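What follows is a pair of complexes built around chain A, which joins chain B in one and chain C in the other.
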Partner chain A sequence: MILRLVVAALLLFITLPTVVVIAVSFNPTAILSFPPSGLSLRWYENVLTYPQFQRAAVNSLVVTGAAVALALPVGTLAALALERGRLRGRNAWAVLLLSPLVVPGVAAGLGFLILAAALGLLRSRSVLIAAHVALVLPFVVRAVWVSVRNLDPALERAAASLGAAPSHVFRRVTLPLLKPGLFAALLFAVVVSLNEFVVSLFISNRVTEILPVAMFTYVVNYTDPTIAALSSLFIVATFVVVWLADRYLDLARVFLQH
Partner chain B sequence: MTTVVVELRGCTRDYGAVRAVDALDLSVHESEFLALLGPSGCGKTTTLNLIAGFVPPTAGRVFLDGDDVTDRPPHLRGLGMVFQSYALFPHLSVRENVAFGLRERRVPAREIERRVGDALELVRLDRAGRQRPGELSGGMQQRVALARALVYRPRVLLLDEPLAALDKKLREGMRDELRAIQRSVGITTIFVTHDQAEALGLSDRIAVMNRGRIEQLGAPREIYEHPATRFVADFIGASTVLRGRAVANDRVAVAGVTLVVTSGALSSGADVELAIRPERVQLVPGGGDNVVEARVEGLVYQGAQTELTARLRDDQRVLALVTEPAPAPLEVGQTVRLHLPADAFMVLA
Partner chain C sequence: MLATRDVKLALLPALVVLAVFAAALGSLFRWSFLEFVPGSLQTGGLTLANLRAVLAPQYLATIRDTVVLSALTTLLTLVAAYPVAYALARTPSRRVRSTILVLTLAPFFTGAIVRTYAWILVLGNTVITWPVPMLFTERGVLVGLVHFSMPTMILILAAALSHIDPVYERAATSLGASPARVFWRVTLPLSMPGIVSGGLIVFAWTLSAFPTPELLGGGKVKMIANVVKDLGALALTLALLAAVGRLTAGRAS
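Moving on, here comes the complex of A and B:
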C-alpha cells in the first residue's frame, strides 16, 4: 500500500511539470500562472508567427537532419568495427565513442566554442552540426551495436558462399538485419538532437540558434505563456515519435536485450 | 574415381598457438561423397572452411579443378554450403532464400522462377515458398538450406554437420534423403560430421581426422574392418584394444593367454595392439582356443542385446555385445569366458 503510494507520488512528480506546462499554454492572459484562468490559443498563434522561432525551427531541422545523416552511417560502421573488426584497443574505442554521454554539456560546449572561434566557424551552422554528431553518436553506436551482436556471422558467410561479393552481403543481408537497431538509432538521434540545449547555447548566435536555444532566449526576455505553448508542441511531437517507434519497433526489445 | 575436384596440399591452419589443421593433404574426386569424421576440435570444420575460403591457410595451397584458389574469396569459388545452423536469411521468404545465389549470378527472372521451383520440388517443399524460415520446422529449414545450396549447380557441395540439429528420427530420414538427392544430382560432396554412423552410412570415402591430421582415409567398410590406428579403431565403433606381445607371426600373448591371430602379419617379439569389435566377441560356456576368462564389470541392457564390459586378469578391458536373450543370466562380478575369433582381430599400426 505504501509502496503504491510512493510509486503514484513518483509518477505524479515526473509528469506534473509537463502537465503544468501544457495547462499554462492555454492561458488567455500574459502571465505564467497555474491553474490557467481560461482557454485560449493565442500563444500558439504567437509561436507560429514569431519570426525568430520560425528561423530557429528551420535551423533545428537543418542541424538535426545533417547531424543524424552523418551520425547514422558513422555510428553504424563504428558499431560493426567494435564488434567485428580486428581492432586494437577495442575498449578504448568504445569508451571514446560513448564518452559524450558523460562529459558535462558545459565543458563540451566550451570546448566547441573555443575550437570554433579558433577556426573562425562561429557564424556557420557547421559547428552546431559537428557538435550534434558527437552528441548523438553514443546513442547511435549503442543501438546499432545491440543489433550487430545479435547478427549470426554464419548468415554473412552463407551469403558469400552463395556468390555475394562483400558489398552485396552488406546490402542484401547485413543491413536489412540491422534494421531494428538502425531505426532505434535514428529515433534517439533525432530526439537527442532536437532537444539539445547546453552545448548548442555556446556555439550559436541569433542567426544559427536552434529551437531550444531560441526558447531559452525568449524566456530570458519575456514571461508570457508563448514558451509554454512551444514546449507543449515539442512535448507532443516527441511523445508521438516515441510512441510510434515503440509501437512499430518494440523499443523494449532493443534495450533489454543485454 | 576419376578427376580430382578439390585438393588440399600441405594445408596448415593455426589459431594463435593452436594448430587446427596440420599439413593436411586431401584429394576429393568427381561425384564422390566424402565424409570428414572426427571428434570436436579435430580440425574437420576448419578443413571445410579452408575449402570454402572462409579462412585462409597459414601454409599450403587449395586447388579447385586444378586451379590454385588459395587467394580466391569465397564468393568467387562457386561452391554450395549447408551450415550447421542452416543460416537461412530470416528477412527473406523461402523462395527468396533459394533464389539468392541465382540472383547473385544475374540469372534472368523467369529462369530463377523455374529453377527455384525445381529446387523446392527436389526437397519436397514446393508449398512452403512464401513462408519465412522462422515459420518452418528444423527438418524443413534443413531442406531449404539444401535447396539454396544446390539451385545454382555448384561444383562442390559442402555440408557442415547438417543433421546435428535434428532429432534422432528426423535425422535418419534426412540422412537417406540427403544421400538420394546427392546421388540424383551427382554432385561432389564433402560432409563434416562427428557421428560415425552417419559417415558410414552416407559416404563413399571417410577421412577420419584427429588433431588436425587425417588418421585414415578409405571406404567405410575398409575403415571399419581395418582401422589403421588405435584412434580410428576406437572412434569408429567402440572397440576393445588389447596390448600384448607377439610370440610368433600369428600368436600374441595377452593376459597370460596365447591368442591365435590370423588377420595380420606380426613380427615375433614386438609389442602389438589388437583391436576387436564388441559384436565379434562371443560368450562361450567352456574353454578352447582363443578363449579368455574375464570378470564382468558392467552390464547395459539394450533390448535386442546387452553391452557387457569385462576385465581380463591383467586388468585390460574387453567389450562384448551379448545377443538377448542371453544363454545364462549375467551378473556383475561373475567370471565369464569370452571367445575372441582369430580372424576378428585388427592389428593396429
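Moving on, here comes the complex of A and C:
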C-alpha cells in the first residue's frame, strides 16, 4: 500500500512539468499565472505564424525524413547481420552499433562542427542529416533486433523448401514477420530525431536550424507562453505515438527483455 | 534465406554511418592537440598547451562542481527510480504496467528543450511559491537533472528486476524472513547489476548535461558542457570565418 502511494507520487513528479506546460499554453496573458485566468488560443496562433518556427518546422521535416529514410534500412540490415551473420565477437559489434548513444552531445556536436567546417558543408543540411542518422541508428538496431530474435527461421526454411527464391522469401516471409520491430524502429527514430537538440545546436544556423534549436533560441530571448503552446503540441504528439506503440507492440517486450 | 556471407555484408552500411561519426569525434580529438594562433584563423602545429589550459583554476572549479552535481543526481535518481521500476517489473496487471510504461517513456522521448522549459515554469514562482529560490540555483538544476535521468534509470532497473526469479524471494519468505529483510538480503543484492549499470550511465550522461544547467542555471550554474558551448560558440565563429575565407580564396584563384 505504501509502495503504491510512493510510486503514484513519483509518477506525479515525472508528469508534473508536462501538465503545467499544457495548462500554461492556454494562458490568456503574456505574464504567466497559474491557475490561468481564462482560456485562449493566441499562443497557438503565434506558433503557427512566427516565421522562424515555420522555417524550422520545414527543416525538421526534411532532416527527420531524410535521416529516418536512411537509418531504417541501414539499421534493419545491421540487426539481421547481428542475429544471423555468425559474427565473431557479436557482442562487441552490438556495443559498437549502440555506441553513439553514450557519446556526450556536446562532444559529438563540436566534432561534427569541425568536420563540417573542414569539408565546407556548414551551410547545408547534409551534416545535420548525417549526424541524425548516427544518433537514431542505435534505436533502430535495438528495436529491429528484438523482432529478428523472435523470428523462427523454420518459417523461412519452409518457404524456401516449397521453392521460393531467397529474395522472394525475404520479401514475403522475413519482412512481414519483422513488421512490429520495423514499426517500433520507425516510431523511435522519428521521435528521437524530431527532439534532438544538443548536436543540432552546434551544426545548424538560422537558415538550417530545426525546431528544438529554434525553441531554445526563443526561450533564451522571450518569456511569453508561445513555447508552452509549441511544447504542448510536441508533448501530445509524443504521448499519442508512445501510447500507440504500447497498444500495438507491447513496449514491455522491447524495453524489459535482455 | 540469405547466405551467411551476404548477411555479414549487411553490416557494412551501418559501419559507414559509424565511420562518419568516428570521423567527427576524431577531428575534435585532433583539434584538441592543435595550437591556437591568436588573431589568426589557422591552427598551428601540434601542442599540449590546450590540455594544460584546461587545468586552469576556473575550469577546475567547473569540473569539481560538475562531478559533485552528477554524483548527487545519480544517487537521488537511483532512490527515486527504484520503487517505480519495482512496480513496473512486478505488477501482475497489464493495464498498470502499460500506464507506468507510457508515463515513463513519454518524457524519455520528449525533447530536452520541452522538458527543461517545463521545469522553468514549475521552478519559477508561477505555479508554486517556493519557500527558497529554486530557479537559477544548483537546487533547481539538481531537480531538473534527476527528472531528466529518471526514465532511463527506471527502464534499466526494471529490466534488471524482471530478470530476478521470484522463486528466491518466495523461498526467503517461506523460511520466515520479513518482507523488509527479503528486500535487503535478496531483491536488492540480486538487482545490483542494474543499479551499477544504471548508475554509471546516469552519472556519465549527467557529466555532459547541457540544456538543463544552461536553462535552469541561468548562467549562474555552469557545468562542463556549458563551458564547452561558450568556447564552442567562439570556435563556431572562427570556423564560419574560415569557411568564408576558404570560399573567397577559392574564387580568387
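Note that the second predicted complex is superposed on the first by the 245 of 258 C-alpha atoms of A that agree within 3 Å, B and C clash if a C-alpha of one lies under 4 Å from a C-alpha of the other, contacts with A are read in each partner's own complex, and residues count from 1 in each chain.
By our rule, a contact is a pair of C-beta atoms (placed from the backbone, for glycine too) under 8 Å apart; a residue touches a chain by one contact, two chains touch by 3 or more.
Keep in mind the model is a prediction, meaning the values are calculated, not measured.
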Which superposed partner A:Arg157 touches (first chain B, second chain C, both, neither): both
First, second, both or neither for A:Leu177, with chain B first and chain C second: first
Partner chain in contact with A:His168 - chain B first, chain C second, else both or neither: first
Touching partner for A:Pro17 - first (chain B), second (chain C), both, neither: second
Partner with the higher number of touched chain A residues, chain C or chain B: C
Chain B versus chain C as contact partner of A:Val68, first or second or both or neither: neither
First (chain B), second (chain C), both or neither touched by A:Leu110: second
On chain A, positions contacted by chain B and by chain C: 157, 160, 166, 169
Of all residues in chain A, those that touch chain B in their complex: 152, 154-155, 157-166, 168-169, 172-173, 176-177, 179
Of chain C, residues touching chain A in the complex: 1-4, 7-11, 13-14, 17-18, 20-21, 23-29, 31, 80-81, 83-84, 86-89, 97-98, 100-107, 109-115, 117-122, 124, 126-127, 147, 150-151, 155, 158-159, 162, 201, 204, 207-208, 210-211, 215, 225, 228-229, 232, 235-236, 239-240, 242-243, 246-247
Parts of chain B lying in touch with chain A, wherever the complex brings them together: 52, 54, 73-81, 83-85, 87-91, 100-101, 104-105, 148-149, 152, 158
Contact footprint of chain C on chain A as seen in their complex: 3-4, 6-7, 10-11, 13-18, 20-21, 24, 32-34, 71, 73-75, 77-78, 80-82, 84-87, 93, 96-97, 99-100, 102-118, 120, 122-123, 130-131, 133-134, 137, 141, 153, 156-157, 160, 166, 169-170, 188, 191-192, 194-198, 201-202, 212, 215-216, 219-220, 227-228, 231, 234-235, 238-239, 241-243, 246, 251-252, 255-258
